[in-house]
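Have a look at the structure below, then the notes.
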Amino acid sequence: MNIKPLYDRVVIEPQEAEEKTASGIYIPDTAQKDRPQTGKVVSVGEGKVLASGELKPLTVKVGDTVLFSKYGPTEVTVEGKEYLVAKEEEILAIVA
Amino acid sequence: MNIKPLYDRVVIEPQEAEEKTASGIYIPDTAQKDRPQTGKVVSVGEGKVLASGELKPLTVKVGDTVLFSKYGPTEVTVEGKEYLVAKEEEILAIVA
Amino acid sequence: MNIKPLYDRVVIEPQEAEEKTASGIYIPDTAQKDRPQTGKVVSVGEGKVLASGELKPLTVKVGDTVLFSKYGPTEVTVEGKEYLVAKEEEILAIVA
Amino acid sequence: MNIKPLYDRVVIEPQEAEEKTASGIYIPDTAQKDRPQTGKVVSVGEGKVLASGELKPLTVKVGDTVLFSKYGPTEVTVEGKEYLVAKEEEILAIVA
Amino acid sequence: MNIKPLYDRVVIEPQEAEEKTASGIYIPDTAQKDRPQTGKVVSVGEGKVLASGELKPLTVKVGDTVLFSKYGPTEVTVEGKEYLVAKEEEILAIVA
Amino acid sequence: MNIKPLYDRVVIEPQEAEEKTASGIYIPDTAQKDRPQTGKVVSVGEGKVLASGELKPLTVKVGDTVLFSKYGPTEVTVEGKEYLVAKEEEILAIVA
Amino acid sequence: MNIKPLYDRVVIEPQEAEEKTASGIYIPDTAQKDRPQTGKVVSVGEGKVLASGELKPLTVKVGDTVLFSKYGPTEVTVEGKEYLVAKEEEILAIVA
């Protein structure tokens, strides 16, 4: 994986909405418009830039399964695969 | 319950609008559009990120019954059950 | 009264627009669209969260009659009675 | 006068646009749409809340004749008389 | 001149767009829609309120000829004469 | 040149889009709608006002050729010549 | 290359969407509307201005291949070649 997100951004490998995830989250296809999605974090930035200029490391780690709003993240295609780049504040929760 | 919300977010199990809650809040179905809803907090984040980067722990605790605006929180489905993910600032009050 | 508002929110028992209040405020029904309303404060939050994370206690106290904009506060129904939840900054004045 | 405005708000007794004020400001009726109005300050709040939580006392004093934008202030009726509640930042100038 | 603007506001006596100003600025009538105007400062406020609550004195002085956007300032009429009340940040430049 | 811009503003003498600039920037007329323009800085303000009230001197100097967005700056006419007044943050780059 | 971007801006030489990049990012032409683009950084500003007025040097370096949103950056033409000027916050990730 060769994308290093900047600052408070993370790269997410989205999970198919129709597959039941390891944590049992299941979002039926018909119900999922405007619903958040889950995905696996594959790369994280160095941290959020505070007003002082210091970096605050992210809470989210590589390997976390995260729940995020469908609208914030940006879709990118790397080596033929779809990823999402999201700001950490667009991530709602970590699913364990 | 396997969802850990980030920072100042909480996970809420919504209560049916037509059931009379323990605290006696009753919102008739016909009057409830644009009205806040009640629910039970099942998981809370570590705290709100201040401008300094420090975390301020949330006031809301797991088990609290809360009153919140219908529009802020995001609906999620976990193991077939509906939950809401809200920022603490979208919670109006704790009902005791 | 079992609703504890969060932070800088207060719970208000609204006064009927057509009744003349103790302080003599009278807002005729025909003139009151887009006008502020009066009510009695029945519960207050712990204080406004400052940028530093500290809480600044509210000025408004339980028992105060307050004047507020009709549009900011949120209507809630508790034990069959109507209340309003407002941020203190939506309160225009205390009527004595 | 029984209204105590909160923080950086003031209560103003508006002057009729068609009367010539003491300071000689005259705004003809036909020219006054979208024009500011004048009024007399009858009550002031304790001060503007700074980011630190401290109060900065207002510059405007009870008795001042002030010039303000027609759109910011909120109309209220107390004991049958019309008043306006304005934030100090909506006041353009003090007329002496 | 009896208007004392508050904080970072200034009172400006506008110059006719069709007259050639002392500094040689000439804005032909047909070209002046959406163009800035010039005027003479006749009164200034005590200063801009900083986040700390301190006042920062204005740069603009009484007697300065200033160039400003037509849209920001508010028109007022004092003793039958037209003036403008502008925030200092709406002033583009001092013309010497 | 008799215009002294305030704070973080600069006065720019725009270059004709159809002339090839010294630095070789050429923007053909047909391609230039919504494109940035170049110009020469003829006057600069004293600096940007920081939150503390201090002035931070500008990076742009008199004589610099700058690239700027067409939409931010305001057109002014001085002694029959067209100039632009821009905030320094509307300047994209210095062309050397 | 003769463009020096100001502060937190960078100049990017965009890569053709239809060419497969060194890092294997391939965005087919039909899928690329509203998609981010890649490019090579050819010049960077001195740093982002913090609230204190200090400059925080950029993370992005000359030579980096970056992924950015199509909508933020501004297109410029220098010596007949197309470049983009972007704020660093508009850059999603560095591609290695």
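Each chain carries a letter (A, B, C, D, E, F and G) given by its place in the written order, and its residues are counted from 1.
The criterion applied here is as follows: a residue touches a chain if its C-beta (ideal position, glycine included) is under 8 Å from a C-beta of that chain, and two chains touch if they have at least 3 such contacts.
Every value quoted in this text rests on a predicted model; they were computed, and no experiment measured them.
Participant: Based on which chains touch which, give the shortest step count from chain D to chain F.
Facilitator: 2
Participant: To bring chain A onto chain D by a C-alpha fit, how many degrees must it turn, rounded to the nearest 5?
Facilitator: 155
Participant: Just curious, how far off is chain D from chain B if you go by their C-alpha centres, in Å?
Facilitator: Once rounded, the distance between the two centres reads 40 Å.
Participant: Just give me the whole-number Å value for how far the CA centre of chain D lies from that of chain E.
Facilitator: 22
Participant: For chain C and chain G, what's the span in angstrom between their mean Cα positions?
Facilitator: 50
Participant: Check each residue of chain C and list the ones that touch at least two other chains.
Facilitator: In chain C, residues 51-52 touch at least two other chains, as defined above.
Participant: Using the contact definition from the top, classify how the chains connect: line, ring, star, complete or other.
Facilitator: Graph shape here is a ring: one loop, exactly two partners per chain.
Participant: If we count contacts the way the header does, which residues on chain A are in touch with chain B in the complex?
Facilitator: Counting only chain A, the residues touching chain B are 23-28, 31, 35-36, 48, 50-52, 54, 56, 59-60, 67, 69, 88-89, 91-96.
Participant: In the complex formed with chain A, which residues of chain B make contact?
Facilitator: 2-7, 9, 11, 43, 46, 49, 51-53, 74-80, 85
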